[in-house]
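Take this structure, written in C-alpha cells, and hold onto it; I'll ask about it next.
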Amino acid sequence: MEVEIGLGKSGRRAYGLDDIAIVPSRRTRDPEDIDMSLQLGPFKLELPFLGSAMDGVIDPAMAVAIGRLGGVGVLNLEGVQTRYDDPGPVLDKIASLPKDKATRGIQEVYQQPIREDLIEKRVAEIKAAGVVTAASLTPQRVEQYYRLALDAGLDVLVIQGTVISAEHLSSQREPLDLYKFIADLDVPVVVGGCASYHTALHLMRTGAVGVLIGVGPGHACTTRGVLGIGVPQATALADAAAARARLMEETGRYVNVIADGGIRTGGDIAKCVACGADAVMIGAPIARSLEAPGRGYHWGMATFHPELPRGTRVEVGQAAPLEEIIRGPAHENDGTMNLFGGLRMSMATCGYRTIKEFQRAEVMVAPALQTEGKVIQRSQEVGMGK
Amino acid sequence: MEVEIGLGKSGRRAYGLDDIAIVPSRRTRDPEDIDMSLQLGPFKLELPFLGSAMDGVIDPAMAVAIGRLGGVGVLNLEGVQTRYDDPGPVLDKIASLPKDKATRGIQEVYQQPIREDLIEKRVAEIKAAGVVTAASLTPQRVEQYYRLALDAGLDVLVIQGTVISAEHLSSQREPLDLYKFIADLDVPVVVGGCASYHTALHLMRTGAVGVLIGVGPGHACTTRGVLGIGVPQATALADAAAARARLMEETGRYVNVIADGGIRTGGDIAKCVACGADAVMIGAPIARSLEAPGRGYHWGMATFHPELPRGTRVEVGQAAPLEEIIRGPAHENDGTMNLFGGLRMSMATCGYRTIKEFQRAEVMVAPALQTEGKVIQRSQEVGMGK
Amino acid sequence: MEVEIGLGKSGRRAYGLDDIAIVPSRRTRDPEDIDMSLQLGPFKLELPFLGSAMDGVIDPAMAVAIGRLGGVGVLNLEGVQTRYDDPGPVLDKIASLPKDKATRGIQEVYQQPIREDLIEKRVAEIKAAGVVTAASLTPQRVEQYYRLALDAGLDVLVIQGTVISAEHLSSQREPLDLYKFIADLDVPVVVGGCASYHTALHLMRTGAVGVLIGVGPGHACTTRGVLGIGVPQATALADAAAARARLMEETGRYVNVIADGGIRTGGDIAKCVACGADAVMIGAPIARSLEAPGRGYHWGMATFHPELPRGTRVEVGQAAPLEEIIRGPAHENDGTMNLFGGLRMSMATCGYRTIKEFQRAEVMVAPALQTEGKVIQRSQEVGMGK
Amino acid sequence: MEVEIGLGKSGRRAYGLDDIAIVPSRRTRDPEDIDMSLQLGPFKLELPFLGSAMDGVIDPAMAVAIGRLGGVGVLNLEGVQTRYDDPGPVLDKIASLPKDKATRGIQEVYQQPIREDLIEKRVAEIKAAGVVTAASLTPQRVEQYYRLALDAGLDVLVIQGTVISAEHLSSQREPLDLYKFIADLDVPVVVGGCASYHTALHLMRTGAVGVLIGVGPGHACTTRGVLGIGVPQATALADAAAARARLMEETGRYVNVIADGGIRTGGDIAKCVACGADAVMIGAPIARSLEAPGRGYHWGMATFHPELPRGTRVEVGQAAPLEEIIRGPAHENDGTMNLFGGLRMSMATCGYRTIKEFQRAEVMVAPALQTEGKVIQRSQEVGMGK
C-alpha cells in the first residue's frame, strides 16, 4: 500500500479511527454473553482499560475508583502528586489559569522537584484500597525511582514516553537497557508509546506484558504540529497486532496491545479492538468525570516542557459521574457515556463473544467526516439487545 | 478494492451517497414516459417508498395520507401510538423538551408499557381508510404481538432492528427463527436493517419480500459514534443488489432492496436506485411535513434506550405540506421538495424508463463536499422536460 | 480507473477543477508572445470565451460589450429579454425579491409568454453593433423560433439544455433530430450541455462547431442535489477532448470543446484548457460586473421551473467594470479579476504559446481544499513577466 | 502513481506537508547529539534556514539578527528598502491600510523606482555587522543590479521569481542565460522557485549552490487561484531531491534543496527535511516576530503587480521575539515557537543525527485535516529528552 509522494520517496497510506467503521457479521448475539476481560500479567481485569497517567485524570482516589469499576488507573509518579504534599491547591491553580497563561503557568508548577517520600506515599494509598496498583515513570527516571514504588506495593509498572524505543542512543550517558531492566523486575511492565511494527516487536521482546500504541494518534494532535511526527491509530494498532503475532510465533508469549490516545467514544474503543487492540488507555473521557482531579481540565506531561511545550491544557468540562462514563446507564447519546456498554453492544451487534474474536471483525474504510454537519441525522435505531 | 489498513488488516473502501454522482447516458427521455412503480408482494405502489416506522414520522393519519399519495407508511407498533390512549399530549411534550433534557425526557416517555388493545386499534384505523396497511415490530417482540396486528387487518409486516441477522445467538433464550416465522405467515414481510451481502442474502432467503438496507448510513450517525459500526449506503446497496441477483439465480424469486436512512433529497433517492435499490424508506424528509406527528422534531427508537441511548432528537422544522414534499410542485430548489418529481426528472434526464433500468445507470465517484461552500454556484440549468 | 463501489457496481473516480493543479514545464515564456484566440466556425475571437445565456449575465448591451472585448456574449432567447418589452423593471424586481421569496417570485416572472417580435428585436440590437451575434434556444423550442433569429441576423446559434443528447426518446411527440437540423442550417451551431465521451462524440458528429461541456460541474450545484446527476469538470473536459480527437480521426473536422460552468478565476480557465478545453463559457464572473443586467444577482433557466426548480438566485455583488474582470488591470488578487490576463500569465509561466499547446500541460491531482483556511498564506511571488 | 483524470489525460497524485507525517524509527536519540548545520557554498550555517526576501520579513537589522541566530536573512533588493531612503513611514503606511484598500495601496507604494545608491547602502549595512550577507534580485533585473550588490560586499546572491526556468523564451529580448551568468560570478548563487524534477535539475546544472523549491506550496495560495498553477510541497521536495541525486551522479557536486513557502511550524520544517530538503526559506513565521519590519503584516512581491496582483497582505500579528521563534524556549505549544528546537526534538525522537540522515526518515500519507476541530486533543506527551 505504498504510495509515491515524489520521485524516490514513498510512504504507506495510514488510517485513523475516524477513517474506518466496523461491519456487522452474519450473526448477532445477546449482550449478556459478551466477555470483555483483559489478562494483564497475573491480573485479570473485568474491563479492558487503563486510565492514563496524567495529572488531570488520575490521583490515588481515582485509581481506586477505576480499580473498583473493573479497570486499572495508572498514577503518574512524576507529576503533581509526587511534587506537592497537598496537590489540591495546585490543581485548583491549574484549573483557574486564564487560557493565554496556561502553558506558562503549568511550566512553573512543574518546576517543583519530585520527592521520594511522596512516591512511596501515593503508591501506598492506592495499594491500601486493595485494587491493582499501577504507576508510570519515564525512561529517564525509572531507574532512579522504581524501587521506591515497588517497595510501597506497586503491582504494575508503566514505562512511558512520547516515543519510546528499545534502542536509545546517547553520546553522554548510558541509556536504560529495557531488556535487562525488565528481566530483573518481579512485577509486570507495560511500555510505550510506540507506533510501528518494528518498535512494537522490539518492545514486546523486552518481556513487557503490554505495549502502549499511539504517537500523536489524534490527527490534529500537537506532536504532529511541533515535531511533524504521528501515526494514525488504526494503522498503528494493526501493525502492532502483527508484531504480537510474530512474537507469539517466536516465543509463544502473548503481549497485550494497548491503544493509547485519541479515544472519545465507545465506538472508538470498538474500532481499536477491531484493529487488533486488547485494551485501551483512556485519558480525556475520564478527565470529564466529576471525580477527576483536573476539575474539568486535561493536560499532558509535555505541556510543561521548559523549552518545547507540546500538548495543551484542554477544557473538557465535568460531564458525569465516573461510573456513568465507564459502565452507564448513559443519559447522553453521543457515545461518550457508558463506554464499555457501547463496546459490549458493538460486539453483540456484530456477533462476537470475546475481545480476541472481535479483533477479527471486518472493517471498512469509510471516512466519518466527509459529510459532517451536513446529513440530517437519521435516528431510527431500534435496539436489538434490550 | 481492499486497502491495507495496517499489516495483516485490510478493509474495503466504502462509499456513501455523497461520494457518488449519476452520469447521464447517451439518451434523454420525456418525464411523462417514466414508470417508478414498486411491486411489494401482492401490492403495487405507484411511488417506490415506505415512510419510516418512527414516532415523529408516522401516526395512523400519516399512514393514510402516504398511502393516498402512492407510497406506504409503516406504523411503529412499539412507540407512543401503542403506549398511550391519546398520544397527542405526549408528542407535544417531546417537542417541548429543552435540548439538554431531550434524551432523558424521551427515555421517560417510553417507560410506559405497550398495550395490546392499542395495537389492534391503530392498525384498524389505517385499514379503515382502504390503503395498504403496514406496521413494524422488533425481533424481540414480534412473536408476542404480530397476531394482534394481523387480526386487525395488517397487510405488510415489517420486522426491524438497528442490525438484524438471520442467525441470532443467545445462551439464555430461544431466538426468533426468521425462516420458520416468515414461512408460517400469510402476509408479506419486510426485514432489516442490514448492510452486507451475506446478511442480506440470508434475510432474503427467509422469504421476505423486501430487505431494509442501512446501518448508520448517515456518515455522522450516532451508531457510528456509540458502536463504531456503519456501512456507507452506496456500498451497502450495491452489495445487497448483488445478493438479490444471487437469490434470483438460486430460487427465481425477486426480493426488493429498500434503502433505509440518510436520504434527504430527490437526488439521494435517484442515487439509491442507481446503486441497486428498488425503493426507499424515508423518515426525516416526511418528518418535515406540516402533517407529521413529530411537530417539527424527529427521533428514533434507540433514542430512549434505557442504558445506551443512540440517536438523538433532531429539530427538522415544519417545511411544507406532505404532498409538496412527495409530489410537488416544489417552491424550494434544494432537492428536499417534490422528491419523486426529482427521481422522475433524473430518470428522464439520464434516459431510463423503469426503476430496473435505472439501477444500471453509470455512476462516478465524485465527492460532493470537497468544494462545499466555495464554488459560486452555477445555476444555468435549462429544463429538458417542460 | 474504475473503483468498486459495491459488489457488481463500479464507477470511475472523477475530478473537478479544484482537485487539480497545473505543473510548470521546463520552460518559461514572455506573456507578450501568447496567442489565446478561438476559431468558432468562420469567426476568430481574440479571447476564448462565451458569455453564458443567462438573464442576469447577458442583455443586448452586454453582448455588444463582450464582443468588443474579444469574446462573444450569448443572449438567452427564452428569458426576460423576449418576454418583456422593457425588461428593466422585471430585472429590478428579481433583484429586490427577499431571499425566501426569490424562487417563487422568479417562477412568476417567467410565466409571461415568449414573444416572436422581441426575438427579432433583440437579435437585431446586437447585430447592429457589428459584433458576432449569438443567441441560445432550448431543444424544445429551437424549431419554433430559430428562423426568426436567423432572419434578424444571428451569426451563431446555441442549442442548450441542462443535459442534451443526440437521441431523445418520447412516446408522445417527434423529438428534434439534431443531425438533420444542424445540417440544414447555414450558421455555425454550438450545442450542450453534456458530460461524457459518448454524448460529446454524438453531438460533435451532428456538425456543431462547438460542444458545451458541463453537467453540474460545481460540485455543490443544485442539479446534484435535486437529480443526483453531475460530472466533475476536469474529467468531463478530458473525456470530451478524447471525443474531439476521435472525431478528428473519423472526419478530419475539429470541434471546439467549451467548458461551461463552475468557473470563477483565471486559474480555473487555465485548468479547463489544461484538461482539453478550447474555450470557456462563463456566467457568474460576468454577472459580477457593474454592467451586468442582473444588478448583482445571478440565476439560471431552471430556477423557475414550475414544478421542480433547480438552481437558485445567487447574490454575486457588483464587483468591478466588465473590462477589469476580463482584461484587467486587476485591483484584487483572488483571481476573479483580469481573467484572461491570468490565463495569459499562466501560459507564459508554464512555457506554452497557444491554447492547443497548453492543452498538453502537465497537471497534478492536488486537492485545493484540504488545507483551506489553515495555511498562513504565502505571498512571496515575484512576477516573471513584467 | 499516475491517476486518470479523464480519457487520455492523466496526472500524478501530489502531496502537501499537511498530507504526511513522519514515522519514528526503531531508535531514539539524545537531542544534544543532533547536528542541523547547513553548508551553503563556503559558508557553514548552524541552523538550516534562510529568511525570505520579503519586505515585511527582512530589513538590514533583521538580516543581522538572523545571521547572529545561526541562519541567513535574504534582503529583497527590489522592495521598499531600495526604493525609499527611509522605509519606516512606508512600512507604517502599508500596515495601516484598511483591508479593502491594501492591494491598491501597495500597488502605489511600489511604483517608486529602485535606486542604485540604496542597493549599495543596504548591502553594506548588513555586511558591516559581520554576518553572512545575502540578497535577492529577479531574473529580469539581476544583470542590471548585481554588480552594485557584489561591490558592496554581498556574500550570497539569490535569483528568485514565482516560477523560474533555465530556459526562458522571448520573441522580443535576449533572456538571462543562467548558465553563463552563474559561471561568471564569484559568489555562491541560490535560484528558484521551481517545483519539478526537470526544472530543478536544469537549475542545479547552472552551478547554483542551492535551489528554492516551492510554487504555490500552500494549497490555498493565490498563485493557484490566479494562475491555476501549483505543486504541493512534499511532492515538489522529493522530486527535487531526486534531481539532486542525479546531479551528484553526473557531476559529483551537491546542491542544496531549499524548501520555500508554506512553512508554519517546527513540524513542517521536519517534514520538509524528511521529504529531502537540506534547508528551509521561511517568511511568515519570521514576520510574526516583534522585530519584523512588517509591523505584524506580511506580503509578497507579486502583491503589487500592476496588472495581475497575486498574493495578499496577511495580518500575522506580532507574536514573540525573534529568538523565541527560532531557538526558543517556547511559551506556546502549537509548534510556531522554537522552530529549530522542534526540528532538533523531531530528529532525536526519530533517532536521526544529521539532516542527511533525517532525509531518509519514513513518512506516511496521513492527512492532518480530516479530523480538524473534532478530536478531543490528547496531550499526554512525556518528553524523552529532558
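Just so it is clear, A, B, C and D label the chains in written order, and each chain counts residues from 1 on its own.
As a convention for this text, contacts are C-beta pairs under 8 Å (C-beta built on N, C-alpha and C of every residue); 3 or more make two chains touch, one makes a residue touch a chain.
Just so it is clear, the structure is predicted and the values come from calculations on it, not from any experiment.
Listing every chain that touches subunit A and subunit B alike gives an empty result. The minimum number of touch steps separating subunit B from subunit D is 2. Fitting subunit A to subunit D on CA positions gives a rotation angle of 90°, reported to the nearest 5. Because subunit B and subunit C share one sequence, their contact can be compared position by position; here under half of the interface residue numbers appear on both sides. Computed centre separation for the pair subunit C/subunit D is 39 angstrom, with centres defined by C-alpha atoms. Note on chain placement: the centre of subunit A and the centre of subunit C lie 55 Å apart, centres being C-alpha means.
Multi-chain contact residues of subunit D (touching two or more other chains) are listed as 12-14, 235, 367, 369, 372. Chain pairs that touch one another: A-B, A-D, B-C, C-D.
Looking at the complex, you find that subunit D touches subunit A at residues 1, 12-15, 20-30, 32-33, 197, 234-239, 241-242, 245, 265-271, 274-276, 328-335, 338, 341-342, 345-346, 349-351, 362-384, 386.
Remark: subunit A residues 3-9, 11-14, 16, 18-19, 52-54, 78, 103-104, 107, 138-140, 160-173, 194-196, 198-199, 202, 214-232, 235, 260-262, 264, 283-284, 298-303, 305-314, 316, 367, 369, 372 touch subunit D in the complex.
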